[in-house]
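Working notes, beginning with the structure itself.
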Amino acid sequence: MNYVRNAWYVAAWAHECVSERPLGTRVLNEPIVIWRSANGGLAAFEDRCVHRLAPLSLGRCEGEKLRCGYHGWLYDQTGRVVEIPGQEKAPSGLGVRVSPIIERHGWVWIWRGEAALVDERWIPPVIGLDNANFVFRHGQLDYVAEARLISDNLLDLSHVSFVHTESFKMSEVWARERPRITEFDRCVRSERWVRSEGPMGGLDAANSVDTYFWCDCFVPGVLLMSGRYYPVGTADALTGNQPPDFNSMEDGFTTQAVTPLTETTARYFFMMGWRPSHESEASIEAIMATYAQGFAEDKTIIEAQQRSIDLTPDRRFTPSSSDRAVILFNRIIEKLARKDPTRRRESGQTADSASDMEESSRTI
Amino acid sequence: MNYVRNAWYVAAWAHECVSERPLGTRVLNEPIVIWRSANGGLAAFEDRCVHRLAPLSLGRCEGEKLRCGYHGWLYDQTGRVVEIPGQEKAPSGLGVRVSPIIERHGWVWIWRGEAALVDERWIPPVIGLDNANFVFRHGQLDYVAEARLISDNLLDLSHVSFVHTESFKMSEVWARERPRITEFDRCVRSERWVRSEGPMGGLDAANSVDTYFWCDCFVPGVLLMSGRYYPVGTADALTGNQPPDFNSMEDGFTTQAVTPLTETTARYFFMMGWRPSHESEASIEAIMATYAQGFAEDKTIIEAQQRSIDLTPDRRFTPSSSDRAVILFNRIIEKLARKDPTRRRESGQTADSASDMEESSRTI
Amino acid sequence: MNYVRNAWYVAAWAHECVSERPLGTRVLNEPIVIWRSANGGLAAFEDRCVHRLAPLSLGRCEGEKLRCGYHGWLYDQTGRVVEIPGQEKAPSGLGVRVSPIIERHGWVWIWRGEAALVDERWIPPVIGLDNANFVFRHGQLDYVAEARLISDNLLDLSHVSFVHTESFKMSEVWARERPRITEFDRCVRSERWVRSEGPMGGLDAANSVDTYFWCDCFVPGVLLMSGRYYPVGTADALTGNQPPDFNSMEDGFTTQAVTPLTETTARYFFMMGWRPSHESEASIEAIMATYAQGFAEDKTIIEAQQRSIDLTPDRRFTPSSSDRAVILFNRIIEKLARKDPTRRRESGQTADSASDMEESSRTI
């Protein structure tokens, strides 16, 4: 898989990792068990016991240790085998691979790259379930499609005009208005103004507004999106720039993460947040119903796209001017994946200079 | 796939191709979208947008054009991209592959071979839903089996005595009576007399008849079958020849087409026709119930045969004398597939002489 | 598949092989039809007609013969084609491969190796449904897992303490107590004493007993297991040896067979027997409910283990001291598979000396 390994991937919701039940999942094609010990600490192991390869996610937590559910081999939090039932003592040096893991913004983030390069600053600055200033809705969807097709979809919102005619009901202005794209070291920002349309760029001309829409997409595939309505004329008055009061996110926002489970499947995590006073419960339910319909529309077209690609894997995409954010973001991914020391070793190349590594380590 | 490309394949029913809904299908392993424009014209494109390979069958018809449902690229009826939303103009030379298509006998026929060799005379002379002299029933079945196993089944009706004991209830006379086989350029004809049996070769001896049964199987896999009852003794009086009054098809007939979707799946289209005055509504319903049971019996044995073949792909069939029509028809198919200029190019051979092509172009 | 071919595999229950319905199954990856003629004789053919490879298991028995359900070719009990409908006579020498088969202990056993080496003495001395001295329950389960993972499970009962915490409710004493392992020519015996625990090694300390448990595992994967309770102190008094009165099997026993259907699927046949006077009907029902739960627990962990192995086929197991019976049994299997003349021929090796064959032919 041509993915960045030295990055934080969303592996699970923090609240679903409970000590009663180890959680089996996949990240970048590797089976992973995430488990929380009795004292609350999280660990992520490869999900196969060294004994006979049974998944450890079918085992159980015993205090600060994890026991395999087949023949009872016991692991400590560093992944070391500390007990083999029926044997006087376990041989030293037996253990499973452990991945760095961290709990933040309501998500559990996992690092599948070099331990020496772990850096918490690379966790994207998203707003998540642990932020008490907002009310949230959240959910997830599993795709039978490569993760990159999903982030491509999110990075080229011109699709909104054609895919979401039934849900978000936006006019073709979304496809015609070109966003302003800004590239950062591990992020691509898209901003766009939709001038003098109904809310969300829809057709309610009687209540026309100017909508400012903003989206940051972070490596490896984490998005923070928001937007806000302004009186008609604001966009022109600001000559298309970001409104000075925008950072308040008063009109709600959404945080989304796309994680490759395997080469052909992905998990799509999403959270929507609002100021408690800003939206009524009924309004939030209506918005979420629209999102559910919109996400189903995306899933239909993206999984169909994947099946089409699978039939003719040699066919290339034909880029258009609306793909600019897609191309820039994938270029960042390709560059970081190329620099990945794990990947270099696998392909037998020699390591680049240390300065190369430093360059890729700069935070945005 | 070792199939003839320069031939007309049944791709769909004419009446299911409506301008409101582009129809996605497969023919010879290629995803195809068939769409009808507002003025009624039909076109068949490869079913993937050049932009990001999403299926065009998830798009929509706009007048005389087809718009992709992902980012809105617009195609005219020749397959050319004429609009890219958000771009001033589409680059020239962008487009999808288009296949010749024709609407006839209630079916949509597609040509997956050389455009220069397209010849409407090669559409088999079947009788179909557009013929007002008959009342029809029709349907289709999808097989998880190679198309050729289905046409083999139809070409060797000795199976009727063993597969259809519960439905058509024919005696073993069907397996014992050898048909008369005649080979044409792109067709194999089978004729047989079943002497002095109940109708359909069944066991109702009190009402014995001589049954004349006739079947033409055309390249690439299209069948026209009919039969008629005569007083006992007619077969011998005619010394086994076709009755002079047979072409009237007074006793009903069936038209069937087998189209390879992929190398391992096929679609089986069927129509049954009767003179309006000849059969009552109740009688037709009873006949169709028998057909439904018989088709299910065929599907069971043929799909099981396919699974058996898949387990041991190196095993050969052992031919018997009842396979003669099967062998002759498959020999025609092999010969035409060998002559196929598309196939020659793919395998790096040089084209045969023009006279060879003419030979294979003769209509029957 | 690295399995012994010169061995008897359980293919079916004797009572499910009735002359009305040929039975299609698989053994060692080969499709097999088992059919019983009108006079009661059993035969096992490869399950594909030589004509067009349709499965013969869709055919029908006609007296002492089997007729294919597609075009009616007729086979005698030796697998020879004796009739082709519509042909004057069938060519001599046409036929299907036949496997030696025998009905014993309520099971149908099939021999997939050399006909010259067939030896009924190699049918394991199990006790089965045809033994009128016992009442039985029986059943079967299909696994999506290699057969060997199932026999491995049965050979290392230390898993009972961890897999069956909800069903058999045994304490960890099962994992701590090392069994005594004895190797025979085609069998591995495990014996163990569980001292001073509740029945079945459970936690009912008020009714503590010493339990003697005994299990013979025969090539290719057939188990006979039994156990009996004794007063606390018996194990020490016998210094861990088998009790002299044990062979009576008064406390019930179970007979189980694991048959590879394909390389990745297996069928697990099981029978439980009791002296008619020993257990009440209600008690038997309660025991069987516990078994059903326990078998489901095994299936869950073993199929998960198989999926884990499939993800990383290069990973090795790490043996522990509780795997001794597993290792010894698989060593016997490997040795017999290596000696297999069929296998030697396939790999192009020359046959070993006759004395080698004799060695592997010794019964236990």
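When the chains are written out, they are named A, B and C in that same order, and each has its own residue count from 1.
Keep this in mind: contacts are C-beta pairs under 8 Å (C-beta built on N, C-alpha and C of every residue); 3 or more make two chains touch, one makes a residue touch a chain.
What you see is a predicted model; the values in this text were computed from it and never measured.
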item: Fraction-based call for subunit C against subunit A, same above half, different below; value: different
item: Size of the rotation, in steps of 5 degrees, that lays the CA trace of subunit A over subunit B; value: 120
item: Separation of subunit A from subunit C, taking each centre as the mean of its C-alpha atoms, in whole Å; value: 48
item: Contacts with two or more other chains, residues of subunit C listed in rising order; value: none
item: For the subunit C and subunit A complex, residues of the former touching the latter; value: 152, 156, 158-159, 161-163, 172, 175-178, 300-301, 304-305, 307-309, 311-312, 315, 317-318, 320-322
item: List of subunit C residues in touch with subunit B within their complex; value: 31, 47-48, 50-55, 58, 67-73, 84-87, 94
